[in-house]
Amino acid sequence: MEITNAQRAEVLVHALPYIERYNGKVVVIKYGGNAMLSDELKDSVMGDIVLLSLVGAKVVLVHGGGPEITEMINIMGKETKFVDGLRVTDAETAQIAQMVLAGKINKNLVNLINKKGGTAIGLCGIDGRIFEAEVKDERLGYVGNITNVNAQLVMDVLEKGYIPIISTLGCDKNGNTYNINADTAAAKLAGALDAESLISMTDISGILRDKNDPSTLISKITTKEAYEIMAEKIIDGGMIPKVNCCIDAINCGVKKVFIIDGTIPHAVLIETLTDEGIGTMFVK
Amino acid sequence: MEITNAQRAEVLVHALPYIERYNGKVVVIKYGGNAMLSDELKDSVMGDIVLLSLVGAKVVLVHGGGPEITEMINIMGKETKFVDGLRVTDAETAQIAQMVLAGKINKNLVNLINKKGGTAIGLCGIDGRIFEAEVKDERLGYVGNITNVNAQLVMDVLEKGYIPIISTLGCDKNGNTYNINADTAAAKLAGALDAESLISMTDISGILRDKNDPSTLISKITTKEAYEIMAEKIIDGGMIPKVNCCIDAINCGVKKVFIIDGTIPHAVLIETLTDEGIGTMFVK
Amino acid sequence: MEITNAQRAEVLVHALPYIERYNGKVVVIKYGGNAMLSDELKDSVMGDIVLLSLVGAKVVLVHGGGPEITEMINIMGKETKFVDGLRVTDAETAQIAQMVLAGKINKNLVNLINKKGGTAIGLCGIDGRIFEAEVKDERLGYVGNITNVNAQLVMDVLEKGYIPIISTLGCDKNGNTYNINADTAAAKLAGALDAESLISMTDISGILRDKNDPSTLISKITTKEAYEIMAEKIIDGGMIPKVNCCIDAINCGVKKVFIIDGTIPHAVLIETLTDEGIGTMFVK
Amino acid sequence: MEITNAQRAEVLVHALPYIERYNGKVVVIKYGGNAMLSDELKDSVMGDIVLLSLVGAKVVLVHGGGPEITEMINIMGKETKFVDGLRVTDAETAQIAQMVLAGKINKNLVNLINKKGGTAIGLCGIDGRIFEAEVKDERLGYVGNITNVNAQLVMDVLEKGYIPIISTLGCDKNGNTYNINADTAAAKLAGALDAESLISMTDISGILRDKNDPSTLISKITTKEAYEIMAEKIIDGGMIPKVNCCIDAINCGVKKVFIIDGTIPHAVLIETLTDEGIGTMFVK
Amino acid sequence: MEITNAQRAEVLVHALPYIERYNGKVVVIKYGGNAMLSDELKDSVMGDIVLLSLVGAKVVLVHGGGPEITEMINIMGKETKFVDGLRVTDAETAQIAQMVLAGKINKNLVNLINKKGGTAIGLCGIDGRIFEAEVKDERLGYVGNITNVNAQLVMDVLEKGYIPIISTLGCDKNGNTYNINADTAAAKLAGALDAESLISMTDISGILRDKNDPSTLISKITTKEAYEIMAEKIIDGGMIPKVNCCIDAINCGVKKVFIIDGTIPHAVLIETLTDEGIGTMFVK
Amino acid sequence: MEITNAQRAEVLVHALPYIERYNGKVVVIKYGGNAMLSDELKDSVMGDIVLLSLVGAKVVLVHGGGPEITEMINIMGKETKFVDGLRVTDAETAQIAQMVLAGKINKNLVNLINKKGGTAIGLCGIDGRIFEAEVKDERLGYVGNITNVNAQLVMDVLEKGYIPIISTLGCDKNGNTYNINADTAAAKLAGALDAESLISMTDISGILRDKNDPSTLISKITTKEAYEIMAEKIIDGGMIPKVNCCIDAINCGVKKVFIIDGTIPHAVLIETLTDEGIGTMFVK
């Protein structure tokens, strides 16, 4: 059915209270997984971000890109070592990660934002030393724990009206590059920016009480309840670190943290600018 | 038919290029006539203005209120003199106009904007001497010609993020109040503010080649064509001053001037944020 | 006797220490009563305010206007109900109050300030939601208690160099207008602005120990002494709310609060810029 | 006769239009001669300057001090050479001038301004290279012609709210100090500051058509008329350079230049803040 | 021989006039070729840049990286087509260029600057649309001509005190990436930034009259002389585009353009902060 | 031996970490004694200060000048009284001190800084009431104890990029001038400015354990150790007040305080920009 322009205006008006809520507030969007693989979805997500930015939110996009790094390692024919089943990130691998994240994925997102009429600036954790890191486990090489977040550059860039897009790489005082966990990085950055909300775009619909039954989606959860649910082993392995990051973000002062299914078209807008909550919201 | 949230998001995304066009630009809205009489419409128009403001436009609302002034004169039992069929605005009448415009209509609009979540500030042409005026015709008393527009106060208020709502009264150096034409005032203010567009909300659908046939609406017209159409007497008497104001605004540097039917719900949003042009647009 | 220009210069020089004291400080002047009824006095008071403003004080003028509201109610032939002898302010009465205060009295004061060379801006408690209010007593209708003062708009306007003139109306989130007590409003606003002083222009000469003997004027009183004097019933009924407002203002952080007789020509200037104290000064 | 406080207030009000005229404008006061010799007068002039500054003028005080330099040369027992009857300013003499002007006279004036409640800053033409100079006549040593005026420091100091007091010394790129003519320096600085007026405080009452008859004072003169009067030799020798400086200042863009008798108490205030013109005003 | 600390201080003092010359001025450094291949040199150049930045210059580093792109194409086993001997840059090749320039080289330089104590930010021509480009020759694919330089982002970043490092990639409104010539890009950016100087770090010592005789180095050349020398075919093929870029930069308003041998340790510092000119300087 | 430009660049690079340490930090230099007597040294010290300032430090120069005051008293043939062997500073003597310090020494230093390419501004404790003082001992006249330091003027001047040079005179509310101890003044000002370091240029090499053996120089000392050393009478009389000032400065929040031998060429630069510590450093 065709939507008339009168209906369009009506829809815009209904978005008003939601727009007011985000006006001038920092929203960190963690972008990754399948939502980042399809060109069509990527295009659509970037449009959503430009829109959110234009209606007054200070949007910060944080992305990782594990699968593309692995693909490049394979194309380049680099052999990788494993310790206890975990891949070792030697200096060369860290260079590949840097190249793929900060050079390929990041600048492609900048290009897409620009195409949609926004003005983006592509950064990584090395720029302005946003993410300072240290070795987590000597045997795994340049896999980093974040030791410090310098949010000043991101704030400067937001103040000047740009949309910052940030690759989750870390650096140290000796000029080394680290691969760091994107969920953790997004959570810590959101905390350092005193963000209104952190939206984690994944490929699941949120937290399910029964992971095989979509109707058991938990739409709102406190950090206390989240700890309980993890204790009860309702959440399976892969979700646990994500949930922990959500809890961390709340503990760092972020008001609301969302896990949403990024493969739903305009999931971010539906979550932020309509009365429908489509994933799981974490609150204090 | 119910519009889904997915469709809502879709609609928001389609508004993106229109939002970009108005971002940071001054839009002067001349508000009056029937669009101002119905409470429901008034409520709806104020919502549209808050929305336009939130998505980044610098909206200035200019209003008159002839019928309400007449009504008050009657309630107060004041006798009015006429010269050549035109009402004489003596000092007392000018006081009533001031009271009704700046006290009643203006602050009620401020209240409505505030209720919709915006933050308005109600001004009149006396505040900051926005409209300096002089007597147009001695016999008619305090009916003013605008001699100077001081737009600084309006710019200061926009810079601080408020939505200015302006009653079209004039003042002079001796402390007199003048009733001034609202269409002219809006056009001159739009020029002084270097506005992107002036939207005149009337109760007609625009300029019609045949005033009895809505299908003859002219959707776009140059100032040159407008002069021709007036010469050909296609436009009838009441419209001529309005059309002249539109032409004046274009000549003062306003990019686009619209005459739209303010009684259509969300007419302003349809005109600014969708691909539908619903009235007549004047261009250079 | 004619004052020579040499004497004039001498007088200006003597004003120096007083000017220094008010430089850059906020002075709230509550204006009302008889001082507001005579055109000549009004003219003179506005001149005083422009002068105070030019010599560096940040003057805020707050006014009510009960008698003029009553007069308008009568002219308009509106019947008013009474409960326990108190007039009921129904929505229509609140509209009349709004019209008279914000449209007539307020903008006339703006006109006078402008005529004297200052640049004023006329606001009411609805603009920028300066005075948020709620119903005080259901039976009395829209008579409001102030629940919150938003002083930001007043500060923005002072920062830009305008003289704000404020009608004491209140508003709520539903778009209703309230009649609020002008003395209370001035005291609360002075507190919110962290004012150096609040000057209440009345038609009495200050607090008298014996209300029939002008020579018993108390020129300086602490809030503690003021409580005592009220306990001793030295102050009669009409003065009690005014004195309470003065005490409130001091408790809200205003340094000095004055009650002066506004019908004395240039009473404000004599109080602020000469060594003569002409009313009663409240201090901590 | 005692002036009452009511009269004082009246006087302040009469000063209003004059205060408005100088608000935010730069006023350069050239101070010297007998007006600078009496302690009482000095005290009074500094009070006038603080007052002018407090009511919104941006006052810059420029002073020389020939007699005190000569006195110090004598005390120090330094012999001075003469060429064609003009004293030679060798490096040592320039040092004495610097010491007396910038160290003694200047800082004493700063002390007096501070005592009156203003906040002054004492500068000389060497600070921030305000007056760049070159040798005028090799035989006379360090007597300088001004080659360039750097007004930035003075503007920075005014912007921060200080009252700059400036000794008329010059400097060059080699670190030499020059004695420069104070009248010329004041005129050039007033031009560089785009001053509203330059007030030259001398010990004569202005330009007289007959120098022995005070009643022949010319109260207003155009630069053209001033040239004529000099051609007619109406002005005697000592006045010619002063008149030339006044003309120069007008030609540099200063709106009004005054020669007044600085020994009249509060001459500056009478000239600026009352309706009495007490000297000669030069205009374009 | 050991340099004593006294001598060190002496050296610093000698650098003073050179430091003064660059204080607050924009210096664009085009970095490439062999100077970028050795790790030791790279480290040293980054130290020089941090130093220049600390002593007050606003340094912008522009880099390309042709050889590393070719190397990556080979590693990735991508086949490349050639037209008339020139390599075709298809979309995939442009992606590789983007990845290598903006991801690898650029962020490694950021890491090095950070290690030296500066705070760098790595950008490419896509960020903030710094370099807008279009296809130069349809047959060669995404090889771009610069159509527009948006220097605002670079200026914002300099204003905030960061050292911008810029990869010479171009973008268009459709989100395509272009490989653009680094010398041209540096020259155009220097022009848009109104730079004091552009320093092109190459692997030759400057322009030689006889390319086999280092003693024939031309240390200073006007643009007119440079045209003549090219007309006389004194400069061989490879140098011609570089010389043209230098001339272009001068024509765009850059004050001085240098070609220096970047393999000499601290060549940039020797050129900017000592009295030795080590390459060829172009002037108007 | 000649230092090559390559070596010069090397030296500059080695200064990098030291420059970084002082970037944007306030450094107060107390200048006096023999280091101030030789013209050559004075010239060299001013060059050092301009350099420190250009590389980003906010340098404040504080100077006294006892010997030159005494010399002037003698030249002027003024007789001085003594009380208990201490010279009485009557009003006339205070005037001479003011003249010599603020007029002669101060402005000569300004001239030298300007000559070196810096832009200095010469102030004394009277300007902006930097040093408020009171009589220390009635019998000694205008010898002042500092009662308050107003550092705002110095901060304003630094913010605008000037190098402030400050004579250590004091003032009071009655317009009197005081001679104050320069070491104390420098220490208190450094504290009020929250300085990174205070460098006291004396004519001794620092604190020696055995004052006859230069090899016993203490290069670093805590305030606690300094108290001990004074208790042990290792430091002789003349040094005690200096050491007390150093301790005071540390207690006021200055990070590091140095006593260095100002007669060593470029002592300030060696201390701040090389790895050699040449005097005694006091720390918490």
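Just a few scattered comments:
So that you can tell them apart, the chains are marked A, B, C, D, E and F in the order they are listed, and the count of residues begins at 1 in each.
Convention: contacts are C-beta pairs under 8 Å (C-beta built on N, C-alpha and C of every residue); 3 or more make two chains touch, one makes a residue touch a chain.
Please read all numbers here as calculations on a predicted model, not as lab measurements.
Common neighbours of chain C and chain E under the contact rule above are absent. The chains in contact with chain B and with chain F alike: there are none.
Relative orientation of chain A with respect to chain F corresponds to a rotation of 120°, obtained by superposing CA atoms and rounded to a multiple of 5. Inter-chain centre distance (chain A to chain E, centres taken as mean C-alpha positions): 35 Å. Our note on geometry: chain A versus chain D, Cα centroid distance of 67 Å, whole angstroms.
Taking each chain's centre as the mean of its C-alpha atoms, chain B lies 55 Å from chain E.
The centroid of the Cα atoms in chain A and the matching centroid in chain B are 44 Å apart.
Of all residues in chain C, none touches two or more other chains. The touch graph of the protein chains shown is a ring with every node of degree two.
One closed ring of touching chains is present, and its order from chain B going to chain C first is B, C, D, F, E, A. Taken in their complex, chain C has these residues touching chain D: 1, 3, 5-17, 19-20, 23, 44, 47-48, 50-51, 54-56, 116-117, 264-266, 269-270, 273-276, 278.
Chain E meets chain A in the complex at residues 75-77, 95, 98-104, 106-108, 110-112, 114-115, 119-124, 126-129, 153, 156, 160, 162, 169, 171, 173-177.
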